[in-house]
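In the two complexes below, chain A is the common chain; its partner is chain B in one and chain C in the other.
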Partner chain A sequence: MALYPSQEWCDKWKDALNNDPAVAESGKNWGVGFKGSLVFEVSPGSGLEKTHYIFLDAKEGKCLESKMMDDAVSLDPGFYVTGSYGDFKLVVKGEKDFIEMVVRGALKLKGDMGKIMRNAKFVRAVANSISSFPNEYLGE
Partner chain B sequence: MANIDDFIRPKEWVSDFVTDIGKVLREWGKDKYMPVRQQIDEDWRDHKLVKPLLKEVLVDLGINAAFFPAEVGGTDIPETCTLVCILAEEGGRIDSGFTVAVLCSLWPMLPIILKPHRNMELLQDIGPKFCGETLYVGCNAMTEPSSGADIENMDRMRGKTIQTTAKLIGDEWVINGHKIWPTNSGDVANLYGVVCTTKKGSTDLNDFAFIYVPADAPGVSMGGPYQKAGMAADMNTDIWFEDVHVPKSYRAHGPGDDLKYFTEMITYGNMASAAMCLGVMKNIYEIIKRWTTERIIAGKPLKEHSMVAAALSEIAISIEATSAWIHMYCREVDHPEIYGTDPWSNKMAHKSRGLAIFASQAVEKVCSTAMDYMGSYGYSREFDVEKHWRDSKMIGLWMGGLGLKHLENARYWYELETL
Partner chain C sequence: MSGFMGKILRVDLTNRSVTEEPLPRGDASLLLGGCGLATKYLYQELKPGIEPLGPDNKLIFMTGPLTGTLSPSSGKYNAVTKSPLTGLWGQSGSGGKWGRELKRSGYDGIIIEGISEKPVYLIIENGKAAFKDAAGLWGKNVFDTTTILEQQLGKGFCIACIGTGGENLVRYAAIMNERHRALGRGGFGAVMGSKKLKAIAVKGDLKIPIFDQDAFGAAAKVASDFISESLLKMTLEVYGTSMVLDLVNVKGGLPTRNWQSGVCTYADLINAPSLNEKILVGRKACYACPIACGRLVDIKTGKYAIKGEGPEYESIGTFGSMCDINDIEAITYAHILCNDYGLDTVSAGSTIAFAMECYEKGILNKKNTGGKEILFGDTDTMVDLVHRIASRDGVGDLLAEGTRRMAEQLGGGSERFAMNVKGMELPAYDCRATKITGLAYVTANRGGDHITAYVQGPTFLDIPFLIVEENTIDDVTKENPLEAKVVKNMEDALTTFDALGACKFMGMALMAEDIVPVINSATGWNLDVAGFRLAGERIFNLARAFNVREGVSRKDDTLPKRLLEDPLPDGPAAGLTVDLEPLLDAYYGYRGWDKQTGIPTPEKLRELGLDFVIDKLGE
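Let's look at the complex of A and B:
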C-alpha cells in the first residue's frame, strides 16, 4: 500500500487512471485546446505537517504525469484544487465523493468551470479513480 | 458599485463551485443567447433557434447529466435543490421560457434520480440516454383538459379527476388519456413522465401512478404548439395517448410512493419557479439601473429624483427578500438531517407554494415598475423589459396558479379542514 501523499501514491494514481476505460473514453476532449493539468494543494493537519502539492497532467484521456511538488510557484495549471489533508483523506479513502466535497465547499476548485462542465464525465471518472486503490495515511 | 452579485446569497451554504457553475451559464447566455433573445418570440412554432441552444445547455454544458448517478453516466452532483435554483436564477435572467424548457427536461426524472429513492433499474435504461452525446429531453405531462390543476390538488381531489388511465396488462402498462400544456411537448421531448390513475374516479392515493412513456411509442400523438403571450422558448402542445404500451418497469416506484415523490417534484417546481422570477428581477435591475443612470431628466439622472429612487429601492428589496427566502428553503430541502423535513413532505410542498406566490407577484411588480419609469421604452422590444413582463406572468399561472398555491400554503399554516 502506498502512503498518501507520496510519489509512490502519485504513481499508483497514474496507473489507475491509465487503466480505467472510463477515463480514456470520457477524457477524449480533455486538455485539447486548454491546459488539462491540475494542482492539488493539500494543507496541513490530521497528521500532515506541511503543505503538499500534487501535480496531475492529463490530456485526451491519458494521465501524462502525476508527481509530488515542493511548491506551486513554478506551475501554471489549468485547474487548482485546495483543501485540508483531513478532507482530502476522506476522498482518497472513498468515504466522501470528490465532487460532493467540491459542491459543499470543503474542497475548492478553481479554473475554467465551462471546461469542467463540458467534461463532467471525465471529472467524474477521475474523481472515482482517486479511491480505487488501497492506501496508508499519516496520522493514523 | 453594487451589481447583481451583491444580492443575498449565503456563502456558507452555496459554495463557490456552485456559484461558478451558474456563472458558466451566465457567460454562455451572454455569448450565445442574448444576441438572439429578441428573435425567440418569432421562433415559437418551429424552435429552429431554440433546439440547438437547448442541446448546448443540456448536453454540451452537462445539465441533463448533472443529477444522474455516476453508474449511468451522470455527474451525480449533490445539494440538488440549491444547484437547480442557481441554474433557474441564472437562466431566468437570460430567458425564463428557455429556462423552463431546460429544467423541465429533468423535472419528471426527479422521482427516480434523487436520493434516497433512486430507481436504479429504470435508470439503467433511461439514464444513459439523458447522459449521452445527443439531445434527449424530458417532459412532465400532468395537466388535463377537464380538470387542470386538480391533478396537483391531491390533498382534496385525491386523484379523483385524473382521466389518463394506466392499466397493467401482463408485463406492460397500457396508457390512455389526453394531456395539455406540458413544457417540451410537441416534437421537443423524447420521454414523458405521465400522471395517470390506475382506477378512474378513485380517491385512493395508491391509485396515483407516475409512468414514463417514450415520445415515439405507438399511440402517442400531439397537436400543434400553442401561441402564447410569451415563453416562446417553452413549447406547449396537447398530447394524446391511445393504447400506448410501455414496460411494467416504467412506473416510477409504485402505489403510494409515486405520489410521495411527485409531491417532491411539486416542491422543486415551486423552488425553481421562484428562482426564475429572481433571475428575471435581477436582469430588470440591470436594465433599470442603467436606464435611470443614463437618462437625464431636469438636469440630473433619472435615479436622482426621489420618487424614482423609492421605486428603485422597492425593486432591490424584492430581489433581496426573494433571494433570502429561496436559499433558506433550498437549505431545508437539501438538508433534511438538519430540519427534519422530508423533501417529499406536504409541509415542504405547501410552504414552498408561498415562496412561489411571493416571487411571482414580486416579479410582476418589478417588471411593471421598471416599465413605469422607462415609459414607452420599457414597452418596446429593444430593452427586453416587455419580454420579461410577458414571459414571467406565466410563472404565476402554472402549477395551479394563485388559487391552488394559496390554498395549499394556507393548508399548512392554518390546518384548513374544508378547503
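Let's look at the complex of A and C:
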C-alpha cells in the first residue's frame, strides 16, 4: 500500500495507467498537437498539512511521468486541477467520480476544455485508474 | 431540393382552408431553414404593430434541412410568431419527434393564419391536411388531450397541443409536443389559443431526400461519434441539465429569493445528484440523440406524487432557489403541472418568485391577492399559484400577465426587481456574477434568454462551445468590452442550430468543420465555415430588423435596475453589479450596428444580403 500523496504513490499510478488498456485505447489522440500534462494542486486539510502538487504527463495513451512536487512554479502544464485533500481523497478512494466532482465544482479543472470535451473517455479512464490500487491516507 | 421536402403548408383558420406552396429555395439556402426561413415569412407577412393575440398574427412552424435525418440530435423544429409576452419577435424550438413527423408528412413547415370561429385541431399525414372539430378537447389539458388524440388517431401520430394555459391566453403559455417537450418561451401557446387551434397531429413516412447519402452517412457518423465520446454526453446523460446548478451556485450566481442573493444554501437538496437519488427512474432521448438528457421521474407517495419528465435546470432554478423552495419533489410537481397546463416553467417560476417578493415588500397584500399569503419558501402556495395562473383564477389572473405587466400594474418600485428583459423573464443565471451574461440577456432577440448565446458555457460552466471561434472569457467578474465579441460569435453560431433543426448542445462538442460536411452532403450546398457563420449572422440581423420595425432600439437593450445598481450581497460575487454600457458599445461595433440607436446599418444589411429590410427600417 502506498501513502497518498507520496512519490511511491505517483509511481504506482504511473504503472496503473500504463497497464490499463482503457487508458491506452481512449488516449490515442491525447497530447497530439497540444500539451497533455496535468498538475493537481491539492490544498491542505483532512490530514494534509501543506499544499502539494502532482505532475502527470501523458501522450498517446501512455503516462510519461508522474511525480510529486513542492511547487508548480516551474511547470507550464496543459491542464490544472485544484481541490482540497479531502475531496481528492474521495476520488482516490473511488468513492466519488472525478467528473462528478468537477461538474459539482468541488474540483476545478482549467485548461483547453475543448480537448477535455473531445477526450472525455480518456479523462475518465485516467481518473478511474487512480482508485485501481490500494492506498493509505493522511489523517486516517 | 435535397434536405427539404419542398413544400410549405398554409393554413387559414378563418376560412378553414389549406393550401400548399413551394419552398422558397433561394431563401432556404440563404437562411438555412428552420427559424431563419420562418423569420423571413414573419417579417414579410406581418405588418408592424399588429396585436399578437389578434387575427393578424401568424404562427409559423418550420423544420430545418437536418430535421428528421440521421444527423445527431436532429429532432428539432422551430416556431416563430409575434410574442404576446414581449410584443416582439418570438422564437422557440422543441425536440422530441414531432419535427421529424411533420417533415416526413411532406411539409417543411406550416404557416397558420387567421382565427377559427370554433375550436379545431389539425391532422397532417403524408401530404394531406384536414381540420377536425376540437369542441370535445377544449378545456382539457396537455396530457389528456394528447392521450385522447393518440387513442382516436391511432399509432404513430405525434401531437403538439395547448392546455388550458394557452386557452386562457396566459402570456407565457407553451405549445407542448409529446406531453413534455415544449415550445416554451414567449407565449406560443397563447397565440395558438387565440386562434382556437387546440392541437396539430402529424404523422408521415415519406422519405427525406438526401443529396449524397454515402457522404452524409459518413459525416453524420463522425459527428455522432464525437458526441458519443464527449464530456457533454458523459455529464448530460448522467445528470441532465440540472448538472449546472452547483457550478452556478459556487460562482455566486444562482438567483435566490427572486435574485436578492446569488447563493443558495440548500443547493445540495435540489441539485442533480439529489434528483437522481430521490426521483429519477429513467432517461429519455429526443429523436436521433446520442445523449438522452431527458429525465423520467416518479414521485410515488405524498402530496406531490406525480410521474413524468423533468425538471430541467431552469425549472429547478425558477421554482427552486428563486422561490426559496428546497423541496425537489415540490419543484418537480410544479414543473410537471406546467407541462400539463402548457406553461413556460421559466416565466411561471420567475413570476411566482416576483409575486413573493412583492408580497414580502407589501406591494402585494391580502387585499389584492384575494386574502392569500404569498410567502417565499411556501411550497403549497407555489403549487397553488401554478393552478391559478393557468386558469387565471384570482391573483393568478395578474400573474398570467408576466412580470413586466405586473410591475406596470402594481407600481411601488416593483419594476426594479421585475426580472425580465423586453418582457421575457430571465433564466436562472445571475449576470452580476458573470458580467458578459448580462450582455447576452439584453441582445437576445426574443428577450431575456439563456440559449440564444448560451454564454453560460464559457462563463458559469467553464465549458466552451467548440462550434464557436473565440469564446474564451478571461475573468468572468469583469466587464471586458473586447469579450463582447464572444456574445456575437455565440449568437451567430447557435442561431444556425435553430435553422438547421438540431440541438444547440451539439455546438459544445462539434466544431463548424464537423457540421458543415453534414449540411452540405444533406443539401448539396457548398457552404464553407465562413458561410455557415455568416448564415447565423444573417438570421440574427433579420430578427433584429423585425424588432427594430416594432420600435426596438438601444433604450430597450437593458437589464432590470437590480442587476445594474444593487450589488450582490453575499457569496463569491458579493459587491458586483453589471456595467452594461461599455459592453453594449463594443457589441454594436462588432455587429456593425449604429452605436447610438442599436439599429443595423444599411451597409451591414447589404453585406448580409438583407437589402429588402433597409427601407423598412428607415420608415
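Here, the second predicted complex is superposed on the first by the 140 of 140 C-alpha atoms of A that agree within 3 Å, B and C clash if a C-alpha of one lies under 4 Å from a C-alpha of the other, contacts with A are read in each partner's own complex, and residues count from 1 in each chain.
The criterion applied here is as follows: a contact is a pair of C-beta atoms (placed from the backbone, for glycine too) under 8 Å apart; a residue touches a chain by one contact, two chains touch by 3 or more.
Just so it is clear, the structure is predicted and the values come from calculations on it, not from any experiment.
J.: Looking at the superposed three-chain arrangement on chain A, would you call chain B and chain C a clash or a fit?
T.: clash
J.: Per the contact definition in the header, classify A:109: touching chain B only (first), chain C only (second), both, or neither.
T.: Both partners, chain B and chain C.
J.: Who does A:128 touch here: chain B (first), chain C (second), both, or neither?
T.: So A:128 only meets chain B here.
J.: Who does A:120 touch here: chain B (first), chain C (second), both, or neither?
T.: A:120 contacts both chain B and chain C.
J.: Going by the contact rule set out at the top, does A:67 touch chain B (first), chain C (second), both, or neither?
T.: Neither partner.
J.: Can you check which stretch of chain C gets into chain B in the overlay, out of 44-52, 62-70 or 368-376?
T.: Stretch clashing with the third chain: 62-70.
J.: Mind sorting out which residues of chain A both chain B and chain C touch, each in its own complex?
T.: Residues 99-100, 103-105, 108-110, 113-114, 117-118, 120-121, 123-124, which sit in both footprints.
J.: Touching residues of chain A toward chain B in the complex: what are they?
T.: Touch list, chain A to chain B: 97, 99-100, 102-105, 108-110, 113-114, 117-118, 120-121, 123-124, 128.
J.: Could you pull out which chain B residues touch chain A in their complex?
T.: 15-18, 20-21, 23-24, 27-28, 60-62, 65-66, 70, 73-79, 83, 131
J.: State the interface residues of chain A toward chain C in the complex, per the touch definition above.
T.: Of all residues in chain A, those touching chain C are 99-100, 103-105, 108-110, 113-114, 116-118, 120-121, 123-124.
J.: Can you list the residues on chain C that touch chain A in the complex?
T.: Those residues of chain C that touch chain A are 226, 229-235, 238-239, 243, 246-247, 249-251, 271-273, 462-464, 466, 508-509.
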